[in-house]
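Heads up, the next two complexes both have subunit A, just with different partners, subunit B and then subunit C.
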Partner chain A sequence: MLFTSYAFLGFLCVLFPLYYLIPTRHQWKLLLLASCLFYFAAGPTYLLYILTTALTVYYAARRIGALGAEQSAYLKEHKAELDREGRKAYKDSVKKRQRRWLLFALLLNLGILAVVKYTNFAIRNLNGLLSLFGSGRQLSFWNIALPMGISFYTFQALSYLIDVYRGVSPAQQNPFRFILFVSFFPQLVQGPISRYKDLSPSLFAEHPFDAHTLCRGLQRVLWGFFKKLVIADRMLSAVNTLIRGGDYTGAYAFAGMLFYALELYADFTGGIDITIGVAEALGVTVQENFIRPYFSKSIKEYWRRWHISMGTWFTDYIFYPISVCRPMLRLSRFGRAHLGEQLGKRLPIWLSSFAVWLATGIWHGASWNFVAWGLGNWLVIMISQELEPLYERFHRRFSVAEKGWFRLFQVVRTVLLMSALRMFDCYRDVPLTFRMFFSMFTARNWAVLFDGSLLTLGLTGLDFAILAGGLVLLLTVSLRQRRGSVRDAVAARPYPLRFCLWFGLFLVVLFMGAYGIGYDESQFIYNQF
Partner chain B sequence: MPTAEKLRRRALVRFLLSAALVLLCLFLLQRLVTPKYAGDIVEGALISEYYAEAKDHDLIFIGDCEVYENFSPKVLWEEYGVNSFIRGSAQQLIWQSYYLLEETLHYETPRAVVFNVLALQYNEPQREAYNRMTLDGMRWSGSKLKSILASMTEEESLVEYLFPLLRYHTRWSELTPEDAEYLFKDYRPSHNGFLMRVDVRPAENVPEGRILADYSFGDRAWSYLEKMRLLCEEKGVQLILVKAPSLYPYWYPQWEEQVEDYAAEHGLLYINYLDLIDETGLDFSTDTYDAGLHLNLSGAEKISRHLGQLLREDLGFPDRRGEEPLSSRWQEKLAAYEAERESQLAALGKI
Partner chain C sequence: MEDLLNILRPLHPHVDFENCDTLITGRILDSFDIVSIISEVEAEFGVVIGAENITPDNFNSAKALYALICRLEDED
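Then we have the complex of A and B:
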């Protein structure tokens, strides 16, 4: 059930009234039922996958929590009898048992993710190797469907498990509540990857009807539909023409690069707006996943503002554990002893970052282009990091850091750099991406940007006019957001004005949205991850 | 200082007014963007014309272009006193014809229904554009809903039939003056469902049909013909099957045999006008406007005369030309018919 489908709107039209009509203590149960129905609609068998993940993680976390409680009780009871060594030995033995449960659930669920998502990738590579070595034998691909949002819900469930193991979150005792946490339908499609401590308080709370909350949520949903239907899906046909096949080189590749970056931004942030808005209308608080990333002045900053929940997940559960693991500490000591203090200190950071970006790339998709995209990001971030002292000297020397034009330059540079890296994502083929990227510097067809050739890509002049208008609105809202919530600003206006603004936006989506017959029904790009 | 109760009441009033305004705007915008079929393609305006009619017809034609281009109710009235109406639209599929018939028989009970059998060739939904031309013009009823559900192609959605604004939302950029002119009234291009063309484009040859893997009509098509027969039987209406004299799409002998067998089995009257070219006096060098696919006015009047004679002489249809107010209504219709004929001839430079 796509967010932009009529079925989803119908689903919400039934859910919202029901949610506020039933006794508030049953609201979370209705959400659980709705989430199961939502997932069932995507594919009945998918429900088995998500239930397997939810139940195994729930059970393992409960065991870990129970062991922790057992340990506290034991230590309290035997406080007088145990010396320091005895307490440590006991704690170690409990930790070992907890770690077994942690590893069991981690391996099982990452194993499921690996099998359904990466088996055919592995087979494709094995077949490539077999051909390379002259073997005529080829392995058959598995006919296995990728359950909707598996990467998102698996990571969300595992973050809870690790937090319980670390003692950050208490173990949820009610399996049904935990299933709701894992399967909460607005964020099943494309995240964000919520943390248990952030999501659970409002998810399980009682929410009496409040027109203001409902309206605010629906306003956010409408804004999401604007981004998705008016900008992203309208852009889709031009992007598909430009990037498929590799015939459009030079200036076309440049246009395709920017179009794709814009489409992806509008698509993903639009989807997240719908997610957060639907949750808000239900009284549930979902963490923000974007803070105007294209206003970032560096790639590092960009990644702190783009898909925030994924970035923090990789930082908390991959980067830090690897950085401080014993082999890495040994490596750091070795590096400092043999390569010098500075290099020795950085070595673990480089390697941990490498692991994070490799995992980020693989998480996005089972193909080499995503690996190349992840490592491309790593390379750029590492180079920027290493050159930071140089930049700072330059900024101090020329006093440009606070100048408006220089900040604009930095923003444009970040947008271009990120868009260029995204070419790995949009062409889905590493050699082709390189070919198209370098064609921008060799082809001499820049006139096509101005001579009307762009009108042959599947978009009419009217489409471009709508896109331009949409972009101006997007930019205006983004700039205004720096001073606080735009919805709050609108809410402070007189009723006739805010009615006209919201109804006007609704009409824009209704009439200028790319939906229905004649448009490719485009699923959200991040849906595929 | 307003009390909480007053504030609540004020908020409720504001909400109700806003909701009413939103609904009104959406209603008007939907009317505006829904196609009026008042330009080059007028076939989509045919179905809705029936609702403005007095419902006392003797004969109802049901079918696709082979009825609304090939039979003239004016001739049936003027020469035989038979009051008839055509409920036909472009590529009207057999289940659409069935549900239109169901709807029509809800309004009135004619003596007979004429169904053109060419639609038996389609066993599956075909194209959205044709579906829309048939279905958008129907008034909302159970018959319309069932017809939509039976007709939708994979790309279509029931929601877009319920709220046509969702289907036609992109038409805002191609609106014409006709969209404003026919905002609150229907465009009426036909004469009791008959779409008149006076121009001539002779048929130069008789096209051969391509070889088919299977000449059997599909189960679904047959089932709707059977439903049509049973419905007519239940309502006491005579069902007449016809095949209009179009040279193409090719009417295969194997198809003819199946229809003949069905008609014989159920005692239905079946007239194949392709076999009656000489008898009706049809001349494909003068009686078609598109080389044999459809008849023009001259051709339509010829076979209408043949049918009128059969209705009067063989089936005993009464001559109602003396009936009032029917006769007066027809006087207006005859005048409109003649005016359009002259207007078309004038446009062609023939008068």
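Then we have the complex of A and C:
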């Protein structure tokens, strides 16, 4: 049941009235039922996967929490008898037992994710190796479906587990409430990857009907539909033609790179707007996942503003644990002693970042192009990190940092750099990506951008006009967001004006969304991750 | 405390680490800075700051970070 399907609209039309009609203490149970139905509709067997994750993580976290409570009670009771060493030895033994539960749930759930997502990737590579060494034997691929949103819900559940282990979150005692946390339906399709302490207070709270909240949520949903249907889906045919349609090199590759960057942005942020809007209409607060990423002045800043929940997940649960673990600190010490102070200090950062970007690439998809994309990001970030002192000297020498034109240059540079890296994602083939990238510097066909050739890519003049109008609106809203919520600004206007604005947007979605005859709602790009 | 300030100052020479209490919330320190600080704290104080202690509360000011180091030293 995709967000842009009629079935989903019907689902919401039933859910919203029911949600506000039933006693508020039962609302979370209705959300649990709705989430299970939503997931069941995606594939009945998928429900088994998500329940396995939810229940194993729930049980392991409860055991970890119980051991922590047991430890507190024991230490309180034996305060007088235990000396410092005794207390430490007891705490260490409890930590060891807690770690066993943590490892059990981590390995099981990451194992499930690895099997369903990466088995065929491993087989493909093994077959390649077999061919390389002249073996005629080839392994058969597994016929295994990837459950919807498995990367998202697995990471969300594991963040809770690690937080309980670290003592950041309390263990949830009610398994049904925990299943709801893992399976909350607006987040299942493409995140965000919410933290338990952020999502649970409003998820389990009672929400009496409030027309204002409902209305604000629906406004956000409408904005999400605008991005997805009017911009992203309209660009789809041009992107598909340019990327998969043959030998579109040079200027075509440049156009394809920018079209894909725009399509991905509108698709993903539109989906997140729908997620946050649906949750908001239900009174549930889901954290923001984007802060106008294409206004970033550097790649590092871009990654603080794009898919924020994924970035913080990798930072908190992979980057920090690896970079500050004892072996890494020992390596750093060794580096300082033998390679110099500066190099020794940087070693943990380089290695941990490498691990994070490798994991980020693999998380996005089981193929080498995603690995190349992840490592490309790592390389660019590391280079810019190392060049930072040089940038600072340049900024001081020429006093350009606060100049408007220079900030615009930085923004355009970031957009181009990120879009170029995304070519690994859109072509899905590493050698082809390099060929297309370099063709932009060698092909001499820039005239095609202006001589009407772009009108042969599956988009008419009207499509381009709608896209241009949509982009102007998108840019205007993004610029206005820097001064605060656009919805609040609209809400402060006289009723007839704000009615016209929202109804106008509704009509734009209705008449300018990419449906057409035989419309088949297209998947969200991040759905597959 | 002075030893800690000597670790922090070279990272961002223009920041008043003695008085600033928005090192994380004000986006002054990023994740690379934090790892660098932890590595130097381990070398200087012999204290390992684990990933579970990397929270905005512990890193928002030099004072909070120093309190964390003292606490970890006590636990050791």
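A few points about this structure:
Quick note on the criterion: the second predicted complex is superposed on the first by the 522 of 529 C-alpha atoms of A that agree within 3 Å, B and C clash if a C-alpha of one lies under 4 Å from a C-alpha of the other, contacts with A are read in each partner's own complex, and residues count from 1 in each chain.
Everything that follows uses one rule, which is that a residue touches a chain if its C-beta (ideal position, glycine included) is under 8 Å from a C-beta of that chain, and two chains touch if they have at least 3 such contacts.
Note that the coordinates shown come from a computational prediction; the quantities given were computed from them, not determined experimentally.
By the touch criterion stated above, A:336 is placed in contact with subunit C alone, subunit B being left untouched.
Looking at the shared chain after the overlay, A:511 reaches subunit B, while subunit C stays out of its contact range. Set against each other, subunit B and subunit C differ in how many residues of subunit A they touch, and the higher count belongs to C. By the touch criterion stated above, A:319 is placed in contact with subunit C alone, subunit B being left untouched.
When the two structures are aligned on the shared chain, A:167 is found in touch with subunit C, with no touch to subunit B. Once the two complexes are overlaid on the shared chain, A:6 sits against subunit B while remaining clear of subunit C. By the touch criterion defined above, A:387 reaches neither subunit B nor subunit C.
By the touch criterion stated above, A:500 is placed in contact with neither subunit B nor subunit C.
Within the superposed three-chain model, A:348 lies in touch with subunit C and out of touch with subunit B [touch as defined at top]. Across the two superposed structures, the residue set of subunit A contacted by subunit B and also by subunit C is empty. The residues of subunit A lying in touch with subunit B in their complex are 6, 10, 211, 462, 495, 499, 503, 507, 510-511, 513, 515-518.
Residues 11, 14, 18, 22, 25, 29, 128, 155-157, 159-160, 165-167, 169-170, 172-173 of subunit B touch subunit A in their complex.
Subunit C contributes residues 30-32, 34-36, 38-40, 42-43, 48-52, 54-55, 75 to its touches with subunit A in the complex. Within the complex formed with subunit C, the residues of subunit A that make contact are 88, 166-168, 300, 315-316, 319-321, 323-326, 329, 332-333, 336, 345, 348-349, 352, 385.
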